[in-house]
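Two complexes are shown next, each including chain A; its partner changes from chain B in the first to chain C in the second.
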Partner chain A sequence: MSTLAAPPVEARREARAARSERIRLLVRSPLVVFGAIVVAFWIFCALFPGVVCPYNPIFDNNFVPSQPPSWAHPFGTDTNGRDVFSRVLAGSRAILQISVAATLIGTVLGTSLGLLTGYLRGVVDDVASRMIDAILSLPLIITAIFIVTAVGNSGRGVVTLIIGLIFTPVIARTVRAGVLAESELDYVQAARLRGERSHYLMFSEILPNVMSLVVVEFTVRLGYAIFAIATLGFLGFGVAPPSPDWAAQIYQYYTLIDPYWWMTLFPALAIASLVVAVNLVADGIREAYER
Partner chain B sequence: MIRFVLKRLGLALITLFLLSVVVFAVSNILPGNVGRSVLGPFATQESVDALNDQLGTNRPLLTQYLDWAGGLLHGDLGMSLQRQVPAWDLLGPAIVRSAKLAVLAFILCIPLSILGGVIAALRYGKPTDKGITVAGISLAAMPDYVSGIILILIFGIWLGWLPVTAQWPEGAGPLTQIKYLLLPAMTLSVVLFGYIARITRAGVIDALDSDYTRTAYLKGLPSSVVIRKHVLRNALPPTIAVVAVQIGYLFGGLVAVEFLFNYQGVGLLILDAARFNDLPLLTAGILLIGTVYLVVTFLADLLYATLNPRIRLGGVE
Partner chain C sequence: MSSELGPALEVVDLELAYRVRGVDRPVLRGVSFSIERGRSYGLVGESGCGKSTAALGIVRYLPRNGRVTGGRISVGGVDVLALGGGALRDYHARTVSMVYQNPGAALNPSMRVGDQVAEAFTVLGASGGDAADRALEALRKVQIADPGSVMGRYPHQLSGGMQQRVVIAMALAKNPDLLILDEPTTGLDATVEAEVLDLVAQLQRELDTAVLFISHNLGVISKMCARVGVLYAGRLVEEGPVQTLLQDPRHPYTVGLLRCIPRGGVRKDHGRLDTIPGFLPPLGMELLGCVFADRCTLADERCHREEPPLAAPAAGHTSRCWYHERAATLPREELADIELPAVDRAVAPLLELTELSKVFKQRGHEVQALTDVTAAIWPGETLGLVGESGSGKTTLARTLLGIVAPTTGTVSLDGTPLPPRYQKRSQAELRALQIVFQNPDSALNRRHSVRRILLRSLRKLAGLTGSAAEQRMQDLASRVRLTERTLTQKPVQLSGGLKQRVAIARAFAGDPKLVVCDEPTSALDVSVQAAILNLLVELQSEKRVAYVFISHDLGVVRYISDRIAVLYLGRLQELGPADVVFDGPHHPYTEALLSAVPTVDGGGRDRIRLEGDVPSAASPPSGCVFHTRCPRKLGAICEDQEPPLIEVENGHLMRCHIPIDELRVLQGKEHEEPVTA
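Presenting the complex of A and B:
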C-alpha cells in the first residue's frame, strides 16, 4: 500500500516545483509585470472608485461643460459638465465585472463540455464538434448582436450570459484536445482497470492534468471578453448611461470628436490599456505553461 | 488531391447546413413570439397575430425551416421587415462595398505584416523582435474602433490629411473613393497586422530551426538564397492559410469600423437590422456572412494544399 501511496506525494511535490518555476518565469518578464500592474490598477479603481476619483463620476455635473483638459480637470469635462478623469477611473468597474463573469461562465461550461466530448467520443463528440464548427464560422461580435436581438434584451446579465455561452464551444474544443491526449496515457488506463467510475476518471484523474490548459484559456478568453464587451458597448448594446463605462462614453461622444476629442480619446486609451495589459499577462502565462 | 478537395467540400456543406439550423433556431425559437418581439410590448395582439401570419411564424417549426431553407437554395433570402424590399437587394450592394474596404485593408497590411513577421523572426530574441511582437500583440488585442479613433484623431483631425467618414460624395472617382476608404482600411489593417505578423514570425522561426535550412547553410548557399528559397517557401503557406481565415473574422471588425466611419457596408446593415428588430434581414445577413466565411476557408484550404506538395501529391490527408 505504501508503495502505491508514494507516487502522488512525489507528483504533488513536482507539481509544486513546476508551479513556482512558472511563477518565477512570469515575474522575470518585464512585460508581464507591467501588464499585471496595469490590470491591478484598474481592478483597484473598480473596487474603490470613491478612493481614486477626485469627483463623483455620475452626479457631479456642475462644472463648466465641454472644457478641454486643464490642471483642474486633466481629462477635461463632458457635455454634461462632469469630470472625464473621474468617469474614466470609475469606468473599469462595469467592464471588469461583465468580462470576468462571462469568462468564468464560458470556462466552467466549456471545460465540462470538453471533458464530456473528449472522454465519451463517438457520436456525442462528432455532433458537438460539427456544431462547434458551425457556430465558430461566425465572428464573435456578430453572433452576440444576433442573439441579443433575438432575445430582445441587452441588459448586463444577458450580455454576460451570451458572451459566456459563445466562449463555451471554443474552450470546449481546446479542453477536448487536451483530454484526448491525456486519455491515451497509462494513468487513465490504470484508473479504468481499477474500476473507477466515469465521473471520477473525468474530474479526479483527467481534469487536474488539463488544468494548465484551462488556466491559459481563461486568461486568453478574458482578453477577448473585454474586447467583445467594449465593442458591443460602442455599438450601443451595453451599459446604459449615466453609469460610467468606457465604451458607453465613446458611443455617446464619438460624433463630437471634432472638436471635443478628450471625451472620446481618454476612455478609448483606457480600453486600450486594459485590453493590452490583459493580453500581455495572458501571453506570458501561455508561454510559461507551454515550456 | 481530388479526395482532399471532396472531403473538404463535404465538411463545408455539412457545416453550412448546421449553421442554417443554428441560425434558424436562434431567430425563430429564442424570441418566443417573433411578431411580439419585432413589434414590441405595446403593439396590439391583432397586429402581432397579423405579422406572425405574414411571416408564417405560427406554423410548425419544421415546416418553417424547410420553407426557409428551400427559399435559400433558390436564392430567396427573405424580405426586410423594416424596408419592405427583398433582403438580397440590400445585402448584395452592401457586400460589394464591404469587399472594397476589405480588399484595400488587405493590400495595405499583407506586405507590411509579412515583412514585419520575417524581420522579427530573423532578429529572433533581439530588441527588434521584441518590439514587433509586443506591437503585434497590442494592436491585435485592441478593439478595432479604439485604434480607429486614434487614427481619426491623428490623420483626420490633427493633421487633417484624410476625411473622417467613409461617405464619399456622389459620383466620386475610384481615387477619391480610395482616399475616403483609407482611414477605415488602415483601422482594419492595424488589427490584422498583429495576427499576420505573429503567424509569419512563428512559421519563419520554425523553418530557420529546421534541418533543411542548416543543410542549405552548410552546403555554402548565401543566406539571401537560403531565406528566399528554403525558409520563406516553407514558412509562407501556413501564413497564407491564416490570412485567408482572417477574412472571415474581418467581418466582425467590419461592424464596428463601418459604424465608426458611417460606411454603408454589410456590417452597418446588420447593425441597423439589429437596432430596428428587422429579424429576417438580420438572419439573412448573418447566414450570408457565415457562407462567405466557409467559402473563404474552403478556398484557403485549397490554396494551402496547392502550395504544399505533401498534400497536393496525396501523401498526407
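Presenting the complex of A and C:
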C-alpha cells in the first residue's frame, strides 16, 4: 500500500550493471588487457618453469659458454654455459614471490596503521604522521639500502621484510586519508550511538569502505616493489646467484656487457616488461575504482 | 541578434537521449514549450524527470554521452542546434546565461569576486578598467551591500545568499535574452531564498529577460512564474498558467504532487498525507502508453496501451491525459486516520534540557553555539526545531544525543541527568535516544546489507541474537514496509525513500523513547517525503515515541509537530504549541521566517524582509540578538537589554520586549476569534 513497498528491481539490476561496467572498463582498454596478459605470462612461468623452459636454468650447464643468440639458444648462453632464455623464463619466480610477499606485508601493516591513526586521531595520529613524513622524506631505495647494510644480512626474507616495512608508511598515509573521510559519515556516528566498540567501528564499519583504496594501493605498490627489489638485486642484495633471478643475472654479468650484451639485456628487458605490465594493470584498476 | 518577433525560447518536440552502455536511452520525449520575451516559465517535476537535462540541452552543455535526437530549439529565432564553433561561443557569451544550484561551486575559489565579475564583461569586449567599473555596478544592481569591499573578497568569505547574488550578477552581465535558473535557491535558507527570489523577479522586470526557472518546489514556481510545465519521465504532462494549473490541475501527476505537500494547516492528527505509489520508470524505458500509467490510480487499459493526445481543457492549458476532466477526482489511498492520544503534560517530562550552553573554540575565537536553552519534551510528543542555518538546531540535537558535550547545563532523561558524552552513557540510555539523519546515503554503511544493518542494531540496542533477532527484524521491516527482498540488498541498490526507511527501522530497533529527526525528508522528493512523514506518524502512534524534528520546511514542521521551538543564534526565541506559534501572534523572527516561505496557496501575506545575513555567533549583537535584523525593533531597549524568555500565554514562551497584545495588533491578529474548543 505504500509508495515504496515494492523494492526497485531496477536498482538491483543497476548495481549488477555497475559491477560489470567496472570490469568492462578494465577490459575495454587495450593497454590494460596487454598488461594483464604479460603479468599472467610471467606468473605462469613462475609457477611452471619446467613447462616453459627448454633447459634447466641451473643444472643444464654443458653448452658452449658465452654464445650470442642463435636458433638453438635465442637469448644466447652465459659464461657458465647455461641457456639464457631458460634462465630468463625461470627468473620471474623469485622476484614475484618477494614482491608479492613484501607488498602484502606493507599493505597489511600500512592498512592497520592507517586505520588506527585515522580513527584515533589526536596524539597517536600526530606522532605517527610526523614519523611517516620523516621516513617519506628520504627516497625509499636509499632507506632500503641503508637498512640492509645496517642489518648486515641480505637474504630473501630480510629484503622482503624491509621492502614491506618501507611501504608501510606510504600505504598508511593513503588509507588514513580514506579513513578520515569515512569517519565523518553519518553511519559511523550511528554506530557510535548504538554503543559499538572501537574495533568493531574500525574493522567492520570503516575498513570495508576503504578496501577499494587498499586494492588500488596494493597494485600500484606491487609495481614499485618489483622495481625496488630489482634495484637491490642489482646492487647484490637479495637473491644470490646461481639462482636465475633477473637482477642477480644483471648483477653477475653487467661488467661483461661489452661484448656479452645478451647476458644483461634479456633479464633487464624481462624486468622492464613486468614493471610496465603491472603498472598498466594498476592504472586500469585505479581508473575503474575512481570513476 | 534576436528578433523582436516571436518567443525568446521555443522548444519544439525536443527528443534527447543519453547513450549508456551503447544504447540510446530517451530522457526527454517530445517536449514542447515556449517563453515569450520578458516572461518567466517554470519547469517542475521530481528528480530524474529530465528538468536539468532540458536546461543543459537548451544551452548546449550536454554531457558527452547526451545528444538531441529530434526536435528543435530556437532562442530569439536562432536555431540553437545548428550553431557551431564561433556562433556557439557567441551564443554562450551573449545570448544565454545559466545559474546553478550550488553557487559555491559556480565561483572560482581562487579568484577575487571583483575579478570574476569583471571577467564576464571582459568576455564581451570591455577593457580592464571599464570592466571593473561595470562589475561594481553589477554587484550594486544585485543589491549587495558595500559592493566595493565585496569585490576584493574571495567567494568562501561570502555567505551562500551573497554568492548566489554574485553568480546572478555575472549571469546578467551580458544582458541575456534567456536566463536559466536551475534550482537557484534550493540550498539556501527560507529567508535568503525569499530575498534572492525577490531580486530575480525585480531584475527580470527591469531587464526584460526571458527566464526559465527549474525547481522541484511548486511554491517557488508559483511565486516566480507566469506559466509552468510539469515534467514526468521526460514528457511534459501538463502545461498552463500557474494559477490555473495549481487550482485546476488536469493531470493525475500534478494532482498527486499537489496533494503530497503538507499545507494549509493540515496536521498529523487529522489528516494523512497523500503519496504517489510506485516508482519513476527507469531511464530510457520503452513506454507504450501514458508515461504515468503505472502509478496512476485512474489508469485503465487504454492508458497503458495508447499515448494520450494533448488535451486542452482551457485556452493555453494543456494536459496529456485521456481523462483530464476527471484528474481532480484521482482516487485517494484510503488511509485510516491515526489515533494519536493527546500528549499528557501533567506527567513528568521524558527529556529535560536545563540551561544548555555550548561554546565551540575555533582558532582562539569562542563561538557561542547555544545559550541557556531550557526546554522539556513529554512522551509521545514532537518538538519541532526551526531556525536559519547557524541558529543552533543541529548543535542542540547533537548535545542531547551526547555527540557534543554541553559547556554548561544538563540533559535529563526521565528525571535522571545523562552523562554529557555518549561514550559514558549506558546501553539503556543510548537505546532511549536515537537519530535519523538527513542524508540516507551517508547514514547507511554501503558495504552492509539491510539485513546486517538491522540485525546489528537489534543486537546492540535490544540485546537480541539468533532467531529472536530474526523475528524482531521481520517485524521491524514490515512495520516500516520493507519487503523480504530489500533485506538482502545493499544501500546502493535502494531508492532514497527506501534507504530512509531502513534508517528509521534502525533507529527503532531498541524501542527508543525519543528519536531526533535531523531534516529526514529534505533529501527526498515530495511524494516520498509524504510517505516518510506518514510512517513517522504511524510509528509515533504505535510506540508513543517522542521526536525532536529539525526541518527548514515549515510546512513539514507544522504538519508533524505538537510544539515548536524557534532558535536564533543559539537562543530560544519562541516556544509553544505548533498552532499558536504558526498562527500568531508570534515573535518577530518567527513572523519573518513564516512570511519568507513561498506557498502553493499563494496567500496575501505581506512579506517581512529580513535585512542582511545572520550575524556571526562569534560576536553576537548586544541586547536582543535579533535586533540587527528585526523589522519590529522598538529602539534602544532592544540594543541594550536582552529580553527574558517569558510565558506570554498558556504554554507559549517568547523572548521579545514587545508585549504580546501589542504584537497581536501589529501582526493583525486582533480581530481573529480565539480558537475555542
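Simple rule for what comes next: the second predicted complex is superposed on the first by the 272 of 291 C-alpha atoms of A that agree within 3 Å, B and C clash if a C-alpha of one lies under 4 Å from a C-alpha of the other, contacts with A are read in each partner's own complex, and residues count from 1 in each chain.
Definition applied: a contact is a pair of C-beta atoms (placed from the backbone, for glycine too) under 8 Å apart; a residue touches a chain by one contact, two chains touch by 3 or more.
Computed from a predicted model, the values in this text were never measured in an experiment.
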Once the shared chain is lined up, is A:A268 touching chain B (first), chain C (second), both, or neither of them? first
I'd like to know which partner A:V281 touches here: chain B for first, chain C for second, both or neither. neither
Kindly classify A:L96 by the partners it touches after superposition: chain B alone (first), chain C alone (second), both, or neither? neither
Touching A:I145 in the superposition: chain B (first), chain C (second), both, neither? first
Between chain B and chain C, whom does A:F234 touch in the aligned arrangement: first, second, both, or neither? first
After superposing on the shared chain, does chain C or chain B touch more chain A residues? B
Contact residues on chain B for chain A in the complex? 11, 14-16, 18-19, 21-23, 26-27, 30-31, 37, 134, 137-138, 140-147, 149-150, 152-153, 156-157, 164, 248-249, 251-253, 255-256, 259-260, 270-271, 273-275, 277, 279, 282-283, 286, 289-290, 293-294, 297
Chain C partner, complex, touching residues on chain A are 1-8, 10-12, 14-15, 17-18, 21, 185-187, 189-196, 205, 208-209, 211
Mind pulling up the chain A residues that touch chain B in the complex? 31, 130-131, 133-135, 137-142, 145-152, 223, 227, 230-231, 234-237, 250, 254, 257-258, 261, 264-265, 268, 271-272, 275-276, 278-280, 283
Touch list for chain C against partner chain A, complex: 21, 275-279, 282, 333, 401, 403, 422, 427, 430-431, 433-435, 437, 439, 442-448, 456-457, 460-461, 481-483, 485-486, 489-490, 492-495, 497-498, 501, 503, 506, 509-510, 527-528, 530-531, 534-535
